[in-house]
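Below are structures written as structure tokens.
Below are two complexes that have subunit A in common, paired first with subunit B and then with subunit C.
So, the complex of A and B:
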């Protein structure tokens, strides 16, 4: 083995180590905080560790410590909101995605612009004005208000991924079904929809994850009454690092799971604007 | 009879109108209306008068923060771009066990939400955080004088950490589209690796590099969570944090919207590029498919 080869391999291993530390360092920090019971400065690692905060957060153990709340209500609230958001968003996104993919629409590019704009411009000013409007009509600080905002945030993924999916399905399949007598609706439900199912599922999962993780929209519209998991994380991070870290890890798990599941079908343009 | 049928067909609305109606009206009410409002409301002062008062106030109070936002964004985007291109190049050219492991590893943070990244960075970069403790342990810094990172540098670190995986994904995708035969042809004609990179790889994947940069840039300008949890109300901070303060403490929608307009203006160029290139990609795919 030549010296050059050894040097290349050493450099590569160095790169791997550095990348590993950079990627997992901050995650490690979360994990250590989540199990730290006593951690006095300047010790490099906690003096006492245990899963007490996990047990308290998951409601298995009662505690009177400041900021010690069970996160289960927030977890179920987040889950319920995400499920409703997926249902409603997909209900209006699938027809729109189909229309954009299969029809020649006058001003079609203007409509596409409308669906892409939330990705291109900062969304916070939108939430600010929605707060103003929602306050007037009594939706601010309510769960329906938060659901509407989450649908808005998920809409880009809903419409964009479903329309890419429908576009990839050849039109002649549906035409063939129609030529043997199937109605347009029947051809859609029997031919196109089953073929599009994987793409629709992927976009539904995207919408689900965005809703689960959505912070800024909930912060403006939901405060102070709608406490989703990210809001609970935020409010405990001020005074109870351990709880905040436990919640952060609970939110981290679905995102990493989703990443490993979607690896194969991941297309770059899907990811724009995530997080 | 035939006449009546054709009249009915003419009067019938095209089916796409019905399909698009719910989604488009939702977007008009929930997106377009608030979007236009942020412009119109930026001229409305709290007592209902119209004028440039909000802009004058923003200029007085927040010019420094607008500059700070711009600086953080430009710095983080540039560093992300350089590192992502280098990493994508490594993954494109090197086939080894290590590069295979890195290809699996780098994608992990893509979907981690900003609120989790923010919590991670507040624990990791704190004066008593893991980074400072580790650096002290290996003797690089004195623990009594830890690195202060809840500022420009820590914020940039967080953004770069979150954005590199996503940029590598897009740029590496672009590199993969270039057929090996181009590269081999250039190599056999005597081009060195550096020349292959500057003359073939980068020019041929310019559009994917641009899309990555544009998305990273506009996402950083619009991110609220990370600066809010890492820097908060300290001076200087980002536009997004100022907007939240204006709304939460003063209910001052005028100045908040003026700041919002400023953030739109910061991303105007990249937003137009992104919208045009996305729609062009779709229409090109359509015309080639038909």
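So, the complex of A and C:
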């Protein structure tokens, strides 16, 4: 092996290492924090490690430390809200996506743009104003109020992904179904929907993750009664880094799981090929 | 087998008249081809018959049934698409069985019909394959079988062979013609390929700008085109412009602008009228040996401006006093470029058309 070749390989390894650190560094930091019992500057690693904070978070151990509560109620609340949000959001997004994809709707592109708007503006001004409105109609601090906020924020993923999915399904496939005797409805359920399933699933997963991780809107609308997992993370992050990192890791898990799922499902899509 | 009638059908897209007051009848058991260039309205007409295009006015009948306002799924038509439109998430069997299941046929009957359908298109044994595992030609056959398995009153085919390569297209033409002869379903076929049309059709309707220009058997459309558009669309036609100098029944003599006197066949023409003489490569015969020009009509001298070897014959371009004609000749005794030759154009094969 020539010197040049050795240098090239060394450089590639360095690059790989740097990328690894950039991608996984923050997560490693989180993980180390979550098992640190005592960690004072200037030590590079914790002086004492253990799973105490994990046990406190999961409600297996009581503690007098500030902010160390069982996060299980908040976790289940977040999950419940997320599931309801997905159900309602997809109920709107699937027909809306189909209509926007297949029909010439007057001002269709304007409508699509409107779905994007909540995510295009700074969130605090939107939610401050929303809080005023919700207070007046009695939705502030309630779970339905939070659900509505999550739907609002997640709708962009709902409508845009579903309409792109439906647009990718050739209209000829539906027409072929009708030519053999299927009504419009039956053609939709037997042909279009099964073919759109991967895209709709991806859309639903995005809405789910968005709801699970949603903070700003929940903070304004949900406080003080609705306590989701991101809220718990916020409350403990100032002074109890270990606890906060435990919650952060727990929040990461569904995201990573679902992203892997989507990637696998969408890849199968391309291999399968569309007619 | 019922017939199909289109009665004064009109379809506009804004200001564009895609189908312009079109009336025609497809006789029962007949395969009628709508032939024409892109944009002539043939596909729109087909989609109107299938029910996916709503008419601005006019009516459509299958037999006695007025189907103008009936949705596609209840018209009793079979449709074969240009891009096959097979359902990718279903096997070949399921693709064929879908329509039969909608009719609530018992499982055994469905099984039997699917098997018959596949054997008609020579794809027995392919039941469990998915469309993505099939070649283009095989997919098209499945698409055809899917339409046929429902025994429709009318079969509509929308340029089904356009996506196939040339060799496959030629083969499939004959197969489709054969299947039609076997089953005898009243059919409308849409294509822009005139050779395809001539191979499979009982009659051809040549369309231009939303109207039917000529509707006749392939032989008649080819040898007796009714106007310049049809003559130019069918085969490789050269036109020579001139004026009628004599009319004797259908035998018309034309003085061309270049000073030649040509005799051909034409209808409803008067002396002095401006006309085009339509000449096809197969009408031109090369003459060898001495010829008495006083006794023969349509004998001319022409210069060979191009000679191209294309395998089974030689493709010539002849210069006849300024008019360029295409001609074909055998590879044996080929004539070289630049040579002057004598040609004869058979009067009975020349069409004189209004210019």
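To be clear about the criterion, the second predicted complex is superposed on the first by the 259 of 275 C-alpha atoms of A that agree within 3 Å, B and C clash if a C-alpha of one lies under 4 Å from a C-alpha of the other, contacts with A are read in each partner's own complex, and residues count from 1 in each chain.
Going forward, a residue touches a chain if its C-beta (ideal position, glycine included) is under 8 Å from a C-beta of that chain, and two chains touch if they have at least 3 such contacts.
None of these values were measured; they are calculated from a predicted model.
Considered on the superposed subunit A, subunit B and subunit C are sterically compatible, since they fit side by side. Once chain A of one complex is fitted onto chain A of the other, the partner contacts of A:180 are limited to subunit C, with no touch recorded for subunit B. Look at A:172: by the touch rule set out above, it reaches subunit C but stays clear of subunit B. Using the contact criterion defined above for the overlaid structures, shared-chain residue A:27 touches subunit B, although it does not reach subunit C. Between the C-alpha centres of subunit B and subunit C, as viewed from that of subunit A after superposition on chain A, lies an angle of 80 degrees, to the nearest 10.
Using the contact criterion defined above for the overlaid structures, shared-chain residue A:194 touches subunit C, although it does not reach subunit B. After overlaying the two complexes on the shared chain, residue contacts for A:122 are found with subunit B alone; subunit C is out of touch.
More residues of subunit A lie in contact with B than with the other chain of the pair subunit B and subunit C. In the superposition on chain A, A:143 contacts neither subunit B nor subunit C. The minimum CA-CA separation between subunit B and subunit C in the overlaid arrangement is 9 Å, rounded to the whole angstrom. The interface of subunit A with subunit B overlaps its interface with subunit C at residues 184, 272-275. Residues 9, 12-13, 15-16, 19-20, 22-23, 25-30, 32-33, 41-44, 91-93, 95-96, 98-100, 103, 105, 109, 111-126, 128-133, 148-149, 151-152, 155, 159, 167, 184, 209, 213, 215-216, 219-220, 223, 230, 233-234, 237, 241, 244-245, 247-248, 251-252, 255-256, 258-259, 263, 266, 268-269, 271-275 of subunit A are the ones touching subunit B in the complex.
Residues of subunit A that touch subunit C in their complex: 170, 172-173, 175-184, 186, 190-191, 194-195, 272-275.
Subunit C meets subunit A in the complex at residues 50-52, 71-74, 77-79, 81, 83-89, 98-99, 102-103, 131-132, 146-147, 150.
Interface residues of subunit B facing subunit A in the complex, by the touch rule stated above, are 14-16, 18-20, 22-24, 26-28, 30-35, 37-38, 41, 90, 94, 96, 98-99, 101-102, 105-124, 128-131, 133-134, 136-137, 143, 161-162, 166, 169-170, 173, 208, 211, 215, 218-219, 221-222, 224-225, 229, 240, 243-244, 247-248, 253, 256-257, 259-261, 263-264, 267, 270-272, 274-275, 278-279, 281-283, 285-286, 289.
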